[in-house]
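Heads up, the next two complexes both have chain A, just with different partners, chain B and then chain C.
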Partner chain A sequence: MSAPPVSRSRRIANAVRYVYLAIVALVFILPFYWLVKTSLQPNDVIYGSDLHLVPPTITFTHYQSALTEVGLVGSIVNSLLAAVGTMVLTTVVALLAAYGITRYVFPGRRTVARLVLLTYMFPNTALIVPMYGMFAAYGLLNNPVALTLLHSMLALPFCLWILQSYLESIPRELEEAAKVEGATEFGAFRHVTVPQAMPAIVAVAILAFIISWGEYMFAYILTTNSAKFTVPVKVTQLLGGYQVDWGLLTAASVVVVLPVLALFWLMVKYLGKGIAKGTGAI
Partner chain B sequence: MSVRDRVDAFAPAGVDIDEETLTGVGLVLPAIALIAAVLVYPFIGAIRLSFLNIDTGAFVGLDHYRWLLTQENFWSFTVKTLVWTVGNLALQGFFGVTVAMALNRQFPGRDGLRTAILLPFVIPTAVTGILWRWMFNGSWGPINVLLQQELGLISTPFTPFVNEQFTLAAVTFVNAWRWVPLVALIVFAVLQTIPREQYEAARIEGAGLWSEFYHVTYPHLSSALSVLGLLGFLITFNIFDMIWLLTNGGPGTATTTLPVFVYEVAFKRQAIARGNAISVVLLLMLIVFVVAFFWRNQVLEEGSA
Partner chain C sequence: MGKIELDGLTKRFGDLVAVDDVDASFTEGEYTMILGPSGSGKSTLLRMIAGLEAPTEGEVRIDGEDVTDRPARERDLSMVFQNLALWDHKSVRENMAFGLRMAGVDADERDRRVRETADLLEIEDKLDARPDQLSGGQQQRVALGRSLVREPEVILFDEPLSSLDQRLRLRMRTELRRIQQETGTTFIHVTHSQEDAMTVADSILLIEDGVVEQFDRPLELYHEPANEFVADFIGSPSMNLYDATFGTAGGAHFEVEGGPRLDVPERWADRFRERVPEGPVRLGVRPEAAAFDGDPALPTIDGTVTVVETFGDFTWYYLDAGLGDDLVVQSSDEAVMNSVGVGDSVTVSVSPDAIHTFDATTGDSLGTAQVTANRPARNATR
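So, the complex of A and B:
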């Protein structure tokens, strides 16, 4: 069967499509390119009056000062502790809950799934004061455990949602077969469900990491000791003061974005369409 | 009374607490415990504080709420929060759907582009703030250098984060810039589930582009968009960090939405109890919104049944 003839309006629509995508790519990617470009230029070019799309000269001095002079490395370590903690805690908790909701019939399971998403109703700013008091009382200020708990709470609803829709989409016959063959409930979960759900598990783990890595408000409030600052707090501190050193600031920004980009790239490589599949089953 | 008897006494008649229920509840319990301990419990603390005099610990009833109602600014901040939220949803909805539709056709480099535009969503908000403050920097930012020196289109720098007239629009734009990629990704995933045959059938019947969208695409999207709209409303209404990082709520009060107001009152003015009272009112507003949302959906469902 031949394809229906392509009408003139469709050909125009197609041209519009590519022009639109080119503009979209420009708007979403160019600002970040500019950040990287600024970070690689000497000050006289950054504060010069000419516009260069391609940097005329390249220097790494801003990276040198970002890594040695302002304590950025320490804050990367602080962020890593909280982000890895968040990644592990969120993934485990969300996976268990998603498994429970999709594989066991019990009263209220649909309600639980819905209510968890509605936690986005709570204004986080309201939590600052009682949270500060609570963690101070347990001696957890300046402690990655506090941030791990908080960031897991922030990441959980979205992660649970993705895992739940993914688990719903994979067939249960294999699990049933494993149980018939004598596997325990946990054995079937570990050796059948988990490998099948791996794409969604990886997506959720990385999402939790990204959420924790970028979280600003709680990290700012719950850290009173500047040696314990996480990266978002650290880089915004560099923005204070009368004279902003844009070379240093952009270099520091690029450094703190790199781990996230690396993880994100891994995820895309590993998942392919997995993440789209996970979010598609709304 | 034995343990067994007690369990039986608590179980409502007719509900068996069998093994399946126990396992299911047990698996969900850590998630519920986390939310209860780190969200609900502290929030109850915030509600309690909103009825107290922080210094003496005395119960002051609705004093802080009465104070809030006398604040003329409160209403303008509420309106500002709505403008910010609705503006964001409109931008994210329009660009999220159109970008997803533009991507919904195979061409070389599509998957790479789809991934690359997620960049704004994965970088930390703090970096987004720095990035856009640099882009719009009045002296050396590329946008002003381009418009002022290279093209000569403007005579004074365009600095939307400082110029009161444009601030709310500018922060809305940056926040939408951050979220559009995620909306586009989710909508794209839904578009992929629409069977090709439906488009072919529409074409054979001679449907134009608009009627193809209205009769084929939109019916598949509407439920996803409705869920996204609900979550987007709740998330956007409560956003604090993006606004704070770009403008600190200023200049003046130009970008003071309610969450920024909470922070101002509780920390800048050290009136913690009043800040909490605002938060409680904020939550009540959102509860009303959620109830209205589900009520409307139910009415629509019954109407179409």
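So, the complex of A and C:
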């Protein structure tokens, strides 16, 4: 009894494949590992001259000071307000718009779908001044509503595109069957379209959340009161003028990345299904 | 209840006329098949009855009431779709109970009726499964159950059997017929299979290019096709059709183009003279109406067998008789099936009873020489 012979060339090919994958994984994982490692090291190790791949001692003092001394918790609340607002607004608007574009024939519906993507053609920096002017004129500076609106503008086109292609893939007969069985247009939407599109809806919601959570530039421009800073703005403020407290900075960074990671792990099943089907990859 | 009438129903998509001025009246409690080749507009017609497609012109009436502008949910009918359109995110029970829920039936009553229908369809042990966990045949039953449970006046079918394999298809077909008889519901069923239509339907509406070619009992379509299209479409193998000339000089006769002269015996001659004008005509003979006995009292055709297709209880013979197209003859005569083979020269006789004639330009039937059989007509009481 011997195992079937594996040809030499196949074994080499496999080895090459794994080496390649290891390199790719390293490129992605190493910076994050370095971030976590630094946040757990005492200052004398961080600023010491030796390079450690594994921290020689572990401390949580940086986390303690990040959460108690510099007002990170307040900025997390600010970010949550904007991110949850963006998530709800973007998902609702994108879902209804995608339904309208895919289910109704009206003049210019293709154009509408394309024009939405056109907004990505403008560099965001070109919008700084008009956006600031607009929100200032409406008294919305330092207001989470402003960030919700602006982040929704950033997230909407891509979310709409994903939902549109996903709704396109749902057989029309599923909704028609509901209508024949006595459902109204909205009833068919609620009982059939929404549950059928759930993978894409969840994916889009997470995406909108992440886009808002990580957005820096507009959050910085539209917030003048440091008590209203969102997380990305807060973290960059920790980069002091003359010296950088690496331990504090990395600990704060880990704290703000965690919700995104948690969301991602929770919904990775949905994300994979939603995005893959929505973009026609399956 | 459940009488559906169509009045001048027309659907245009841009320049394309999918359904062209259809008038039809579907008898309540009957099983009607809408039969036609693909692209004939039969599904569009059904969707307009369902209220899923708005007609460009014309009217749909249910029990005398104009429902043309009413949405599907207000028509008290149900539909089984080609892809069945079962909701995978709901259990079989929820799928079946949906219509009752929309109608505001309370939970206990819903449960009772779903169970009852599931019993009838023998899927009572599948109620908690999801549709995508079921076999094709079980999914068919769930889709049918979803329609039946609400006890609508009319159920529409859009080729739901087309995805099944042959055995299952035959079983479901019979079952549909049985359920239709038991419930007395009006069934309107779109199909491209003339076999399904002939075997199961009370009436067949044959449609081509959006136009109704004939709407009648199956046997009427078979024996008295309204035109050449119907004659060609109904029956398997298709009717043999040839260009011919009808003449009366030296007795009534047909001269098939490039082929033999068929003299009509005196007994039948008058019946042809009454209806068929002299000159060009289309001549049709059903494969099962031609015989190998070579009866000298009847018109005969000589030919050579080129292909033989055996089915067990009958055989198809393709003859080269110099007629342009092959002459196809079906025989279930044991003696013939045991002796005639490829390359044999044979003489085939055709009873004038079985000769169909069609107008050479319009294709409209000029009738057969056969005395009309005593078959019940379509709107007659049965």
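Everything that follows uses one rule, which is that the second predicted complex is superposed on the first by the 260 of 282 C-alpha atoms of A that agree within 3 Å, B and C clash if a C-alpha of one lies under 4 Å from a C-alpha of the other, contacts with A are read in each partner's own complex, and residues count from 1 in each chain.
Please note the rule applied: contacts are C-beta pairs under 8 Å (C-beta built on N, C-alpha and C of every residue); 3 or more make two chains touch, one makes a residue touch a chain.
Note that this is a predicted model, so its numbers are computed, not measured.
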| item | value |
| --- | --- |
| Fit or clash between chain C and chain B when superposed on chain A | fit |
| Of chain B and chain C, the chain that contacts the larger number of chain A residues | B |
| Which superposed partner A:Pro171 touches (first chain B, second chain C, both, neither) | second |
| First (chain B), second (chain C), both or neither touched by A:Pro130 | first |
| Partner chain in contact with A:Gly139 - chain B first, chain C second, else both or neither | neither |
| Contacts of A:Tyr216 with chain B and chain C, given as first, second, both or neither | first |
| Included angle at chain A between vectors to chain C and chain B, based on C-alpha centres and rounded to the nearest 10 degrees | 90 |
| Touched partner set for A:Ala183, first chain B, second chain C, both or neither | second |
| Partner chain(s) touched by A:Pro232 [first = chain B, second = chain C, both, neither] | first |
| First (chain B), second (chain C), both or neither touched by A:Gly240 | neither |
| Touching partner for A:Ala97 - first (chain B), second (chain C), both, neither | first |
| Chain C versus chain B - closest C-alpha approach in the superposed model, Å | 11 |
| Chain A residues contacted in one complex by chain B, in the other by chain C | 185 |
| Complex contact set, residues of chain A against chain B | 4, 9-10, 13, 17-18, 20-21, 24-25, 27-29, 31-32, 34-35, 38, 46-51, 89, 92-94, 96-97, 99-101, 103-107, 109, 112, 116-131, 133-134, 149-150, 152-153, 156, 160, 185, 210, 213-214, 216-217, 231-233, 235-236, 239, 246, 249-250, 253, 256-257, 260-261, 264, 268, 275-277, 279-280, 282 |
| Contact footprint of chain A on chain B as seen in their complex | 15, 20-21, 23-28, 30-32, 34-35, 37-39, 41-43, 45-46, 49, 95, 98-99, 102-103, 105, 107, 113, 115-120, 122-127, 129-135, 137, 139-140, 142, 145-146, 149-150, 177, 180-181, 185-186, 188-190, 192-193, 200, 203-204, 208-209, 223-224, 227-228, 231, 234-235, 237-238, 240-241, 244-245, 258-259, 262-263, 266-267, 272, 275-276, 279-280, 282-283, 286-287, 290 |
| Residue numbers on chain A that touch chain C, as the complex places them | 171, 173-174, 176-185, 187, 191-192, 195-196, 198 |
| Of chain C, residues touching chain A in the complex | 50-52, 71-73, 77-79, 81-83, 85-90, 98-99, 102-103, 146, 150 |
